[in-house]
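In order of appearance the chains are A, B, C and D, and numbering begins at 1 in each one.
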Amino acid sequence: MDFELTKSQKQIQKAAKDFAKGEFDKETLLTLEKENCFPLSIWEKASDLGFVGIHFDDEFSGAGLGLFENVLLAEAFCAKDSSAGAALMLASHGSEMLLRFGSKALKETFLPRVAEGEMISSGALGEAGTGYGVATIATTALAQKDQWIINGEKAWVTNGGDAGFYLVLCVTDPDVAPEKAMGLFLVEKETPGITVTDSGRKLGCCMVKTATLTFDNVRVPLSNLVGKKGDGFAQVEGFLNEQRIVTAGIALGTAQGALERAVAYVREREQFGRKIARFEALRHKIATMAIQVDLARLATYRAASNFDRGKISQAETHMALEAAAAAAEAVADAAIQLHGGAGYITETGVEHFYRDAKFIGIHDSNQGLRLGSIANHVIGKLKG
Amino acid sequence: MDFELTKSQKQIQKAAKDFAKGEFDKETLLTLEKENCFPLSIWEKASDLGFVGIHFDDEFSGAGLGLFENVLLAEAFCAKDSSAGAALMLASHGSEMLLRFGSKALKETFLPRVAEGEMISSGALGEAGTGYGVATIATTALAQKDQWIINGEKAWVTNGGDAGFYLVLCVTDPDVAPEKAMGLFLVEKETPGITVTDSGRKLGCCMVKTATLTFDNVRVPLSNLVGKKGDGFAQVEGFLNEQRIVTAGIALGTAQGALERAVAYVREREQFGRKIARFEALRHKIATMAIQVDLARLATYRAASNFDRGKISQAETHMALEAAAAAAEAVADAAIQLHGGAGYITETGVEHFYRDAKFIGIHDSNQGLRLGSIANHVIGKLKG
Amino acid sequence: MEILKFTEKHTAFRERLRLFLEKEVVPLIPQCEKEHITPKSMWKKMGQNGFLCPTVPGEYGGPGLDFLYSVIVNEEMARISFTGLAAGLHSDIVVPYISAYGNERQKKYYLPECVSGDIIAAVAMTEPDAGSDVAAMVTTAVEEGDEIVINGSKTFISNGLNCDIVILAAKDPAIENKHQAVSLYIVEAGTPGFTKGAPFEKMGWNSQDTTELFFSDCRIPKGNRLGKAGDGFLMLMGKLQQERLVCSLGALFAAENMFNYTKDMCRNTLVDGRALSRSQAVQFALAEMATEIRIVKTFMETLVIDHMDCKQIISETSMAKYWTTDMVNRIGSRCMDLEGSAGSLETSPLVRQFRDNRVTSIFAGTNEIMKGIIAKMMQL
Amino acid sequence: MEILKFTEKHTAFRERLRLFLEKEVVPLIPQCEKEHITPKSMWKKMGQNGFLCPTVPGEYGGPGLDFLYSVIVNEEMARISFTGLAAGLHSDIVVPYISAYGNERQKKYYLPECVSGDIIAAVAMTEPDAGSDVAAMVTTAVEEGDEIVINGSKTFISNGLNCDIVILAAKDPAIENKHQAVSLYIVEAGTPGFTKGAPFEKMGWNSQDTTELFFSDCRIPKGNRLGKAGDGFLMLMGKLQQERLVCSLGALFAAENMFNYTKDMCRNTLVDGRALSRSQAVQFALAEMATEIRIVKTFMETLVIDHMDCKQIISETSMAKYWTTDMVNRIGSRCMDLEGSAGSLETSPLVRQFRDNRVTSIFAGTNEIMKGIIAKMMQL
């Protein structure tokens, strides 16, 4: 075993930290967060520096690196600012489905635009009433001559309204079992028949839009099918696994950032004639926070590292996400408490770490789903 | 990063598991546990197979391997039986101080006896009223001609009464600061002037003895000083760091074993017409336990791995021990609960995992000490 | 706010009991713990001194006191952490089956000796495959003329070896509906075909003679049926409120006792010359535990009042059972943390009390069963 | 066990208030949240309808009701989760300084308008460098002839922008002993030298005009000192019991409200056609939350009785403050977990209520300060 980053990983990490330090202007970000706006210019700069699509192949303007490096970016960005970091990392949401399963033509057309900061992407997968799953979706895509005609409604669409294209999961064969019934379609933003309804202000991650999308006889060319008909469900399952490791990275960075702010504050703040970092109960609280962050980091790095080695495990992914989401929530909560009244004030820049953490922990999966998945793995199949 | 064991580590792990499976007879161990007896014959077999002192150099009958491999043994043994595993791992207690700092002559004389299952060793370090620390000890060793004369009382002596020799921390220079005032002395069991008072039945780890030792004008040759006069405190600090990583391994194995028993039980036990493994709330409990074990494993492996690379960190050690001790306690507690009434019955073989876990978590250090150490690292030095 | 109104008589009773326990009982605990049984003579002394079955009415040989006396006995027993003399089990859980469901003959026959300590009572519900799922029991009771023939076995029976009578749940194999098949019977020790196993080795309750009971063509008179045939489940359910209340009170008192010991220990233990209680982290831990205990104690006191007012508080006692028994484990664990090394030896009173109380989240319905009841009462 | 005895009059008051809030207040909340202030007209309406300062006696223009009316107002405000109309703060925390420590002139002059809602009151203790460490305050009040000259600033002042009067703590720089140097003063808005900052952007309490207050050679008449010179600390301490009690009640009611919403939501939300509440894990989570809330609610009710009986319950209110405000955060977080995606949008009522309540473990003395008090009362 080896718990060290490689030299090049350390360089990437440092570059990401430097970028965040240089470009994440506090006042600007507080305003963007308040106004629910995507940090467009920062994202464009990030793509100029090659941070966007770092895991895309070179030919698609990527750096040909792995999920691990993408997770390092998530951690570094979110540690500096959880809201902006999450927005940058989620800007290419869903594009991994294109990367892994799309035709060369589709990839050549769209992936570089994502990586070059021209286009935000989005996976439009779940629907109202399906919880976090996609087993019972109702949106259909029916082939008619040279087109697919899509009808239905997608809920909780990340970047809905901001994205240049959507990867839309549709039932193509209503008569077969859900696992074989679906296909994934690339739908461009301007395609007639799409209506976007923004979901409004959120608990956290407010620089990322969430929307409901309705598709009313939306027509896309046959070639916009991503991968094979019938593979949609499996593709999405695979994507969600990858995405959740990135989300674990976002949560990890959020936890780390909250810890850093808390440590900095207790080292400076004086009450009762001494630095509050000298109070034993507060020291123990900081230690508890540090343990949570550290364990979350180990679990997240392991999931990412093994993913890149082709050792893909739902259980490891969900352990990483559960550990990181729990750490982010607990550490951000403790950071607010350690700041006292100042922690509650937006300007201090701590409270949004909590809101972002909680959002991350419940928006795309919740504890119930994560524990259920881990239990499946640990308990195994049962007879009788 | 790499989260895989090497091939030879996997072999060691498998050998340890096989050994435990073959030699840990349940009834025998329940009796030994009840009667507070060291598992002597199992230990002798373990040493025949090279498991004892696996981290000693070849020339001292060791296998020349690292702390990491020693931790793998702790995990494998304790997963099968936490009481027996702890006893096997603690049988060489303190001998690392000899290994790291002893003269060639002392090492040649004593280490092979430990590795070959002839002699149990013991560190006699703390005293009543010093908590877990050794900064204010009162036992003295005064040089007189060709001898050291030791007087004082040592508390919480692991293997006290069972050990063939003790490494005794003594003040040699009462007038200098504690960090420079101490020396470490090898004292053989039969040396006149030693009185052993057994501490009686313990909460857990009952196959290991704990005793109070009094030294009344105990005379040892000058050559029994381990390392240099004045270095004792630092040597013990270094040893405690190494020992606590082994203890983390013991806790980790305890947690793992409790989890395995719980999973096996819920897969078999039926209530209300179905396997209780089908009840969602119990499944989530199992998942939570699995996460705790897994995170503890990552932290423990990291501490051990980095120790072997010379990257020694008190904070990593204490994170590992805190994570593993907390996991062991929580998982063993949950395992009892999942077993219902049967969990409370000794014969079932689950309840002693809890007692061992709690013992491990408080006997040589407690949460307060661990969090304090981590806080020192995370918060750093303060001005004012 | 004073919720439980203890009179001077209550207080005198408590002091008399406390003195009795200190003098007559405490010195014998180590021996009982070692032997996994408590001598019957101790039960008799308890009875002779008026400390058993306080609520049994005078006409059946009891003192006819209120339930607060039971609360006092449970609290004082928790203070000495002695499970061998399971007075609460005998007086407040088992004997009430006879008081409430027995006919006049049964009450006149058994209750006076239950009060005097000449009879030690046990209740037998659980079977190896029927733990939480009581309805899965397989022990049968078949009517044959004037007799009932019992076959089967019961497990985890407290007072099992000492018991002179056992309230046994068994089902009529002829009745299909599981819940209507069960009746309760009084079975006397010594009845042919009724044998007892050896005491279990357990995590705690080591002075308790918890054991298995075996019934092999064991014949008892028909007149030993308690209540109506087929009412077994209803009767069991009917007594659960008091059982769970008593169990919760025991857990609360044990938690209080461990906390008080720990608070004093932290004040008196010097590490490098400084009292443990001067540490802020220790102070916070003690403050947190004090708060937990204080809050639920108030709740428990109101439940005692409600219970004495004969209110149905099924959801509330389930909450109390789950919360207090989880709490006592949590508190015990934290107290041992604070005591440190010394808390890892059996010489610390924390250790036995912790070990003893670990079972409380399991017996009288596991806390998982409690949560299910609470959920059901919320119509989820 | 019924602890708080609400009469028909209490119930009628509650229903009138509930209707009033639904009709007059709830529709305006979104606007207030957006603008970080609540119109003074709403305060006046509250006052005109008799919902402010229920305990102020008739001779000072109040309705002279008992503290249970305050409890009702706090509960109903928590149900709508609206922090802009901080009625509890005004009626039960700030105005009592005048009721208890004001002289006859001050009471006659200020109280009637506090009751009618024409005066909105605030209290100013905290300073940037004097949060938990109140004694570190640097705002000064110096006597000059018939006037007091105030210099300094205060922060995190609720009702700060709206307030017409502020109860200000300031110290006399001539007195060395920090604790004897502080006095309280009534400062009216509009007094030259007294200016207000802009409302803070916060995690919650967005309809609340929390702000900073600045005093620069601000001169007030000597007669505006509240109580005796140098008694400031004693007076502040004297009012903390009610402040913390009200704060705890608010947290409890908020937790109850979030729980009730969540319970219904789980019953009514179908995932793949099955109600969330059919999941055992969800049932257990709800059962656990119901238990937590139920237990501490009983405790809180007994504290209300004790408080109304004028008992000193410093340790108990500190326990309540720490426990309930931690609980409301824990419950809010778990409720959002159960709601899942929908709980991550501001359209869920959980979100605002959670954000609003996150501050309760910080204000009125942080929970760390509470633990310190509890430890001190235990003589650790």
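Everything below uses one rule, namely that a contact is a pair of C-beta atoms (placed from the backbone, for glycine too) under 8 Å apart; a residue touches a chain by one contact, two chains touch by 3 or more.
Computed from a predicted model, the values in this text were never measured in an experiment.
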Quiz item: Most remote chain relative to subunit C, going by C-alpha centroids?
Solution: A
Quiz item: More contacting C-beta pairs: A-D or A-C?
Solution: A-D
Practice problem: Averaged over CA atoms, how far is the centre of subunit A from the centre of subunit C? Could you give it in whole Å? | Solution: 52
Quiz prompt | Whole-Å gap separating subunit A and subunit D, where each centre is the average of the chain's CA atoms | solution = 38
Quiz item: How far is the middle of subunit C from the middle of subunit D, if each middle is the mean of its Cα atoms, in Å?
Solution: 44
Quiz item: On subunit A, where are the residues touching two or more other chains?
Solution: 280-281, 283-284, 368, 371
Quiz item: Got the subunit D residues that touch at least 2 other chains?
Solution: 279-284, 368, 371
Quiz prompt | Contacting residues of subunit C [partner subunit A, same complex] | solution = 279-281, 283-284
Quiz item: Hey, which residues of subunit D end up touching subunit A in the complex?
Solution: 126, 129, 131-133, 136, 155-156, 200-205, 270-273, 279, 281-282, 329, 333, 336-341, 343-347, 351, 355, 358-359, 361-363, 366-368, 371
Exercise. Over in the complex, which subunit A residues touch subunit D? Could you list them?
Key: 30, 34, 126, 129-133, 135-136, 155-156, 199-204, 210, 270-273, 281-282, 329, 333, 336-337, 340-341, 343-347, 351, 354-355, 358-359, 361-364, 366-368, 371
Self-check item: subunit B to subunit A touching residues, read off their complex
Solution: 1-5, 68, 259, 263, 266-267, 274-275, 277-278, 280, 283-284, 286-288, 290-291, 294-295, 298-299, 301-302, 305-306, 315, 319, 322-323, 368, 370-375, 377-380, 382, 384
Exercise. Write out the stretch or stretches of subunit D touching subunit C in their complex.
Key: 1, 3, 263, 266-267, 277-278, 280, 282-284, 286-288, 290-292, 294-296, 298-299, 302-303, 305-306, 309, 316, 319-320, 322-323, 368, 370-372, 374-375, 378-380
